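In what comes next, chain A is part of two complexes: it sits with chain B in the first one and with chain C in the second one.
Then we have the complex of A and B:
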């Protein structure tokens, strides 16, 4: 039972991480219909920005952390404007954009390796506080990430429902042509969505940096997790991304109870297949924004 | 009566395919003009090029004496154009109220939005009752009323409607045509109405234009077209 409680706690911590990843990826996909594989390197770039500021620049951690969403927003917006948008303008098929996105992801990752080398870069002198609740060990990072995902999701919902730009994003994800017809500048909204989605990923990237350190390939797994979470939860649904993230986290963690560790990464994909077979629109697709 | 919309030598299409060839058209302020023609005659391409959704490859469009060729929809809306596109001109996953608000996306004042929404509700009372309903769950006729209501939110001087009667039962078509006439009479809105089915459209139009294979082949009094034989000849 003690093991179960610990696995449950780990699952919730990982779930929060996955939910953040799915939230940003899902927002970008539903609004722009672009499968943004370069989400991975953007995620890595934001972690390296924090590492540079803190480990090299000597900034306090709290100040460095603020850089993550800002860097990611800028990097995500640049990727959209310089890479995806010219393709869209020429009326390229979504398949071409998908291949472009994959290629771009590889190029950006190689670039990071050229600059930083393949080694792990950790933030010196950081150790998260540990909490012991009965039989369960929790790190401050696990608790922090659960709080972070709830805060980010709440803020995103408010933004989408209450602001002019939020309404434009909802309009664009519903029908791009109609959005143009009512006078929405779809290029500008796509740019904002790329910045916003990337900034959300950066929140997760900070936790990865503090937990494990940064490597150029650190974004590789998160893209796939983000994809699985967004699809399992139901594309376009914010509650879906949150619940999908926690579901993947919990299934993965609790699976360890009975399944050997080396299968952990496969569990998410097995879950994806099962969900796609049973409910192709995603588990919580009905729960629209 | 001055010219509100003046088009000269407009040629437009998609990619290398030219769909509309060298079309000239003038709309006077307050007029209702209907554009008739078969499927594929280039009616939709013509209005999408006027509204700025696609770029004309040559020709000139001017609105209220100003050259608006090559401008995008948001600039055109700000100047007083609005389009009800073919098919469902609504956001199907959003509710009626949000749809109307988005129709008025170019309007930044909340008071003006509220006031215009009241106008739309006065024209289509059913929309007031259905404010909270999701657009895609409305009936076909209600969706078309919502689409027209959305286009009215920026209070356009020129309202372009692309086959608003498509897929509607005859009684509803009559209702939609009636409301187009009301909009024209009450607000002095100039109307450019694209239709495939000429009968009802001809009743409300002051002038009719017929297109065939991308070119304008008739421009004149609608009464002439009401004559069955003449209509058959042109189609």
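Then we have the complex of A and C:
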């Protein structure tokens, strides 16, 4: 039972991480219909920004952390404006944009490798506090991530429901052509969505940096996890992304309670497969926004 | 005795000997035909320079370039210069195969230094088929041992490293072992060897958990290992994997001793203070090994790069010298001697070669070499040599 409790806690911690990834990715995909594989390198860029600020620049960690979403937002917006938008304007098919996205991801990762080298960059001297709750050990990072996802999701919901830009994003995700007809500047809204989605990914990137360090390839797995979470939860649904993230985290953790851990990397994709078969629109697709 | 000292000569003496052909080793009664000399001896090397954990590739490259410079400064091999043709395999087998094919196409290489188990497993069959002599100072997988006639190792392989690491647990009288291993070929090799050795010792294996070498989340594995009530945890992974395992094991409250087979700057960075007390088995390059060559190499390396040399630098530096010695021996026999086959014949005829670790190194019939393995302990992010592992034959 001790093991079950620990796995449950781990699953919640990992789930929060996955939910953050799914939220950003899902928001971008639902609004722009772009499968944004370069989400991974943007994720890495934000971690390196914090590393540069703290480990090289000597800024306090709290100050460095603030840089992450700002850098990611700028990087995400640039990627949209310089790479995706020109293709969209030429009326390229979604398949072409998908290939562009893959290529861009590889180019950006290579660029990061050239700049920072392929090895691990850590924040020296950082050790998260440990909390012991009976048989369960939790780090401050695990708890912080659960709080972060709830905060980010709440803020995002408020933004979408209470602001003019939020309404425009919702309109665009419902029907892009209709949004354009009623006068919404779809380029500008797409730009905002890329900045917003990337900034959300940066929150998860900071936790990865503090937990295990940053590498140029650190965004490779998160893209796929984000994709699985967004699809399992239901594309376009904020509650769906959060619940999808926690579901994937819990299934991945608790699923290995009795089966060998060699299966760890397959579990999320087995879940994706099952969901696509049983409910292709995603488990929580009805709970839009 | 005089001859033994000559054969253990320092780098410059060895290089001079190579240049002049004065070494009396294995000299044939007469050459069958005059040697057909190439304009340059080009030795290939496949290193993971673009890999996530490229620290070891960087020091391998340093060792290679230093050896080449030394040999050429002393006049080359019998007056012919040596060149290193280094290609990046990025730690990826497919890229390694492409890199090897480039070396073949551009330079028709006859000898190559390999690294990384997973890449060596992909490239060795091609070298074997093309009769390219291979020397590997980095890979540890037993999957490479005895499978390829052209492949030799100047690093201790898994069967030695795992047994050496387990001497730590045996000395402490532990019985219950928990294992965290990488689902890679070298991780699995270490697992197989350690399971057999630990069972033969009368010990019990209470848990085996696995993860990808690049896994960024091992929480589930650590949670399961923690509840296994083991006396100690063995990490059968190479850099940077053990860093995260050490970190999370301590954060999850595991207080048991932890042993392994590698500790690098990358592991230290990720593990931080959680690495304190970690003990590991590794080849040990000792600059004060009672022989002039190790000391001379260590001093020159330190002067050139600002760091003391460690195992990977020493092994790849040594690798160039081993191949140079085989070229010289093959040349003495005359004919079209700069061929992988002729280098293989040379090492088979006399498997004893000078080692930068001190004294001579003797290659075994399966291609492995016998080197002593050190036991190290980590304190404040630095590994300190404790003693040599005593392995039962």
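Brief remarks follow.
As a working rule, the second predicted complex is superposed on the first by the 289 of 289 C-alpha atoms of A that agree within 3 Å, B and C clash if a C-alpha of one lies under 4 Å from a C-alpha of the other, contacts with A are read in each partner's own complex, and residues count from 1 in each chain.
The working rule: a contact is a pair of C-beta atoms (placed from the backbone, for glycine too) under 8 Å apart; a residue touches a chain by one contact, two chains touch by 3 or more.
Computed from a prediction, not measured in an experiment: that's the story for all the values here.
With both structures placed on the common chain, the touch criterion links A:177 to chain B but leaves chain C unconnected. Number of chain A residues touched is higher for C, counting chain B against chain C. Of the two partner chains, chain C is the only one touched by A:252; chain B is not.
In the superposition on chain A, contact is made by A:260 with chain C only, not with chain B.
Touch criterion met: A:139 reaches chain C, while chain B stays clear of it. By the document's definition of touching, of the two partners only chain C reaches A:6; chain B does not. In the superposition on chain A, contact of A:122 is made with chain C only, not with chain B. By the touch criterion stated above, A:281 is placed in contact with neither chain B nor chain C. Across the two superposed structures, the residue set of chain A contacted by chain B and also by chain C is empty.
Across the complex, chain A meets chain B through its residues 91, 164, 167-168, 170-171, 174-175, 177-178, 180-185, 288. Chain A makes touch with chain C in their complex at residues 2-3, 6-7, 10, 13-14, 113, 117-122, 125-128, 130, 132, 137, 139, 208, 212-213, 215, 217-218, 221, 252-253, 256, 260-262, 264-265. Every residue of chain B that touches chain A in the complex is listed here, in rising order: 15, 51, 53, 72-74, 77-78, 83, 85, 89-94, 98, 101-103, 105-106, 108, 150, 154. On the chain C side of its complex with chain A, the touching residues are 50-55, 183, 209-212, 214-217, 219-221, 223-224, 226-227, 240, 243-244, 247, 251-253, 266, 269-270, 272-273.
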